[in-house]
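There are structures below to look over.
In the two complexes that follow, subunit A is the common piece, with subunit B as its partner first and subunit C second.
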Partner chain A sequence: MPDPDTCSDVDWSAYVFNRSGSPGIKYEWWCHIASGFWFVALRDTARDEVLATYPAEAVRRGLPENAS
Partner chain B sequence: MMYRADADAQEWIDRAMPLGFTFEGREYRGYAGDTISSALAAAGVPYLARSFKYHRPRSILSFANHDSNNLFQVDGVPNVRGDVTLLREGMRVSALNTFGGLARDKARVLDHFARILPVGFYYKAFHSKRLFPRWERMFRRLTGLGEVSLDAPRQATPKRYGFCDVLVIGGGPSGLSAALAAAASGARVALVDESLRLSGNGAPSSLVRAVQDSAGINLYPATIAAGYYADHWVALAQQSYLTKMRAGAVVFATGVIGQPAVFRNNDLPGVMLASGALRLMARHSVAPGRRVVMLAGNLEAYSASLELHARGVTIAAIVDLRAAPESDAAVTDCAALGIEVLRAHAPYEALSGPDGTVAALTVAPCDSGTQVDASSPRRIDCDAVLMSVGWAAATQLFLQAGGSTRFSEELQQFVPRAAPSGIFVAGRVNGIYNLESRLADGRRAGVQAAAHAGFAVAGSAAAAQGTAAAHGTATAHGSRCPSHRYPIVDHPLAKNFVDFDEDLQVKDLENAAQEGFDSSELLKRYSTVGMGPSQGKHSNMNALRVLARYRGVAVEELGLTTSRPMYHPVPLKLLAGRSFYPERRTPSDAQHAALGALWMPAGNWRRPEYYAVPGESRAQSIDAEVRAVRSSVGLIDVGTLGKIEIYGPQAAELLDRAYAGRYSDLKVGMTRYGLMLDESAVIVDDGVIARLAPELFYFTTTTGGSATVFRELLRLNALWGLDCALVNVTGHRAAFNFAGPLSREILQRLTDIDLRDDAFPYLAVRSGLIAGVVARLLRVGFVGEVGYEIHVAAGSGAEVWQALHTAGASRGLRPFGVEAQRVLRLEKGHFIVGQDTDGLTDPQEANAMWAVAMKKPFFVGQRSLRILQAREPRQKLVGIELAAAAPLPKECHLVIERGVIAGRVTSVAHSRTLNKSIGLAMLSPDLAVVGRDIQIRVEDGSMLAARVAAAPFYDPKNLRQKPRLSA
Partner chain C sequence: MPYRLLRFGVSRKHPEPRMFTRYDSLKAAYDVVIIGAGGHGLAAAYYLARDHGIRNVAVLEKGYIGGGNTGRNTTIIRSNYLTPEGVKFYDESVRLWQDLAADFDLNLFYSTRGHYTLAHTDAAMRTMRWRAEVNKHYGVRSEAVDADFVKRGIPSIDMTCGGHAPILGALFHAPGAIARHDAVAWGYGRGADRRGVEIHQQTEVTGIRLKGGRVTGVDTTRGHIATSKVLCAVAGFTPRILDMVELHTPIYVHPLQAMVSEPVKPWLDPIIVSGSLHVYVSQSARGELVMGASLDPYELHATRPTLDFVEGLASHMLDMFPFLSEVKVNRQWAGLADMTPDFAPIMGITPVEGFFLDAGWGTWGFKATPVCGKTMSHTVATGRNHPLIEGFTFDRFARYRLTGEKGAASVGH
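This part shows the complex of A and B:
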């Protein structure tokens, strides 16, 4: 998330609305419903292959930039 | 004409058990073990169906349960698959898609109008707006297969769940040997085959027996693997249920599908696939005819001729499209029997006899591209034409699984190129035709699949790695090519069908390509080739060949169309299965029922819409419920609201960030309205947030939003890493709103909590006992009267409802439902999220900025709201009024200003309290001025006058919540 206090309107709008939906390697939020546990998966949506998973804290620290 | 041949030891029928049935009203006899198709064929019924478009007579093509010719209406059930449905005594069978019966079908006249039904006819016809209604009426009458009986009994078809290490799809030689090899490795194997009996399809009988006897193999006969889904999840469609099979690895031994030759009148009854004729003969002892012509494009034509000859069928001639057949024993055996073989000859036209079935075939010399010299065709009299010109690999499921294929010019079929992890292919679909090689390929695939599933056998590693590349190599299939390159013959008068389901001729495909639809995907969509019940099993390959020739490119360059589930038509009842839609009921549900509640769905709950009282109309009951709340007291079950507790040092911080309002400064013992936005500042939920202790909050969400709000709060809490925790107590707590001018007085008698205004002011929250039950009381004003939301443990819900109801009974209490509550809140001008707001409404538009604390450092939606604040709002939610006598518009009726849509009504009701009709409307800002006249367009197109009014309509200054007015 860009810093809401300093970023431009254009950058903010891009963050809120513009996502690439094309098949490829994406970060996705997943929730294990039974336990309410949220985590992030790095998944190749073209091949339906989960490449890595991260706890939510990792998002705060910043995820590696390997998603398209 | 087909007939029943002499008995054979291997046949599936029991000649000692005759069965009577009717077809099109006439009586016939078959035997136990017959299918509908085989019994009709054996009875010599000339044709069984009318084609979809031209209503041409049709009969058996594949006898593989693939083609659409053998679908029937049976005892009221449509689209029964005749090839595989066993005959029963007394069955009443009729043909589909006829107007006045099979023989006298009035629509058969359409056959003569083929020229004015060009390819893409629908698109062309529907293009004109003026003619659309006429075409639509005609098409709706003419199209579709079968008739659904609307009073058919509802049958529950529960799904089953299956698990195995290795799933083998296909019960031919390679599938059987794969299953046996995988089981030998120790894997639990499931073997699926679409035939009614596991016959091995040419495999040695010892192998069939070994598979049947293997403890490690579960057999699924008469089962279709209909779809492949992620992680080796395969939908298995059986007669009366669907099995969801999860496998560790999958072997596709799906084989190949016999392909027709394309020539004029190739759809006449009596023209069929040689593979189908062999199946009919072997299983049901039904002969295709007494004197048949075999069309040959491969070696199988010769072995089929020998098999049929052995059962007493005369082979009039073998017409071989090729200049030279293979050097093989089958070819020399045919010659030895004196069967005439016409080399480099092609079928030119099939001719029909008086009963509409094939009576002769004309043949003519041809070149290697099947271009015929039709100057002097030769006529061969016959009563059946069998086609053995090629195969199409059944790669559909493999492609669904993410496999890729390439077109092998050498084999003239698609073969696997790359398989995803855990997917293995064996046998003819792998391009391997020689029986020994198919068995070996199956073993290899079985061992590999078992190893993938964790059942590696020592010493098999080499086998598991070595032979994966076998497909498509010359050594595997010998020097022969199983499929002819172009088994398609042009004719000036056409009627040479490529797709029998959709009645598509060669010229239709060429015209489609000429009109620009010249890729395989476009050709399919425009011409509908491959879109009928057989899903292109007999047409896609030939259509590709026609298109490739038209464009002058290789088949490989065109490629197959995308394969999607289902591979084979599956009855909807198998997919629908049971309804698992849960319906939640509140703890006092039984009391509502006893009070005459009429139910309505709310989220996944059922809630009383209103309580019906004998002698009152619906409107009168709702009015009386409203009146009770306004004049004495009403009681409503609000236990369906989402209820969440949050505790911890940073609980207030989480709420401050997740909701638009501020909660860090909320005093213990007080509540505050909560408005939740998404990151684009759209209103997504609302509720009441109560602070029970410095680090403990209790709050409600909308009925429909409880699960998603709770889930999103969990996500935000995980993301932000705050020191607090959330519990969803929606189902743990019952809740009632007890509201009306008398509510305080009546409730005081049930509770130890001091309800006096100074002790328990508006918007406060208190804990104590109600009728002896521990309760939380929230003083709320949703319906505009003094009211208490009473939250108790779910187990005490029924008891507390009863106590409240009894306490108010003598004072005019009425329980009220959702409808009355809607009127009450509308009088107060409160919006309902999701009804008065939609997926684009921000707080400015909904006049809810009072609930937003823009000065907070951060909350979800704040940044977007700042951007929106700098702009003119697009719309405004305002109150509207209509004269009491005016008819009520409906929610979602449009507001029209100078012929243009300028808004819509979001809520509307007649208010007896105010003696007028009131509502809320989302209007463009220029109209959203109190006193402005607006026009609402109602259903019949007429306009209704309304006026923008100030909301709240009732008690605008909220005096009823103020201490001085309440005693």
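This part shows the complex of A and C:
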């Protein structure tokens, strides 16, 4: 994340709006509604295949490098 | 007659001209290369050749003509949008639609039906009045109507919607229409083809060459082409093309599904949309009910259908029309919708010189086909954005000037 106090408006807009829209292996936040349990899934967005899941606490310890 | 048909079949020289010319190879260079032979790409090619005299154009398509979202939408045409930018743009499109069949000499089955956006809550009624006022201000025929008007227009509807979503009124948009979507791509394609544009199917773009920030050529599965202008009109595949020129946008891709019922006798004349029930439905010339709902809830680059979608949509259809309970669903499919955060498209020039974008068409692109062709061909020919697309420019996110069109998306996303 760019530093909001020092970065330019254009850089900040790129951080706020832009994203990688191409298919790939991506980390996503998911919520199991029935239990209210939040977790992170590593998912292939081309084939809709979940490759790994992590409980929310794992984010604090640092997730493995994004494969995409 | 069968004898003549047989002789025609085995004859080497076919007297009937094919709809499109088939070219064996690509030329070394074109003035303009258009990626994507859907409605938008072919319309741009058509108007480039017809209105701007630019005929040395190649349209590259990795699949077949009109096989993407042009052939996967629910064919609804309307201009009852919410923002002035949107209303003016789609109104011009509806005007162009009126003479399109005559332009092409091809029957588009353009059928003006009237379009109801149902309101089930006071809040929705307020939005309908707001949209009606914006529409009327720009000369578009829309009005907020009460429950009695809806009941007279759609006598077969259950006004209580299963008892849990009573209809309070609607936004009625008389010019709302449907058309035969494949014919739109074919009409534009044939018109462009006759004016010298080359359409190359089964030709995938694998890279775009840049030099000093400007386009110099396109690599394809059938060889390299030199060109200084590229128009990208590839809907759900936009992010992959943008990676080739290292441009970043907010576009994200979700599947959008639709389905049709078995054909039944004509009983539903107008087009019905309900934002609260997440349904839009019309009856085609063949008698099939063409139905759609919201986007699938998460990112995916595949067109798989889901049972969940059919169940949800069928249940909401039955809220409105309980007598359909014995009618079967015939087909179900999906397309890849390229969405933007403000529900408006991204069109026109980009920071890469010679690279033009017609994208972010999400769930609302079919109705805009003619006006996109008109405005993008102008933009490509002159190098300057057409005045009608100034609310949809690539740089609006960097300027924090979004065009909030979400209130007018046909159903909530």
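Assume the second predicted complex is superposed on the first by the 51 of 68 C-alpha atoms of A that agree within 3 Å, B and C clash if a C-alpha of one lies under 4 Å from a C-alpha of the other, contacts with A are read in each partner's own complex, and residues count from 1 in each chain.
The rule is simple: a contact is a pair of C-beta atoms (placed from the backbone, for glycine too) under 8 Å apart; a residue touches a chain by one contact, two chains touch by 3 or more.
Only a predicted model underlies this, so the values are computations on that prediction, with no experimental measurement involved.
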With the two structures laid over each other on chain A, which partner does A:Pro4 touch: subunit B (first), subunit C (second), both, or neither? first
Of the partners subunit B and subunit C, which touch A:Glu65 in the superposed model: first, second, both, neither? neither
I'd like to know which partner A:Ser20 touches here: subunit B for first, subunit C for second, both or neither. second
Touching partner for A:Asp48 - first (subunit B), second (subunit C), both, neither: both
Scan A:Cys31 for contacts with subunit B and subunit C and give back first, second, both or neither. first
Both subunit B and subunit C touch subunit A at residues 9, 13, 17, 47-48
If we count contacts the way the header does, which residues on subunit A are in touch with subunit B in the complex? 4, 9, 12-13, 16-17, 29, 31, 33, 36-38, 47-48, 55-57, 59-60
Interface with subunit A, subunit B side, in the complex: residues 230, 402, 420, 679-680, 710-711, 714-715, 718-721, 858, 862-864, 867
The subunit A residues in contact with subunit C across the complex are 9-10, 13-14, 17-23, 26, 28, 45-48
Residue ranges of subunit C in contact with subunit A within the complex: 238-240, 242-243, 248-253, 298-302, 304, 338, 341, 397-400
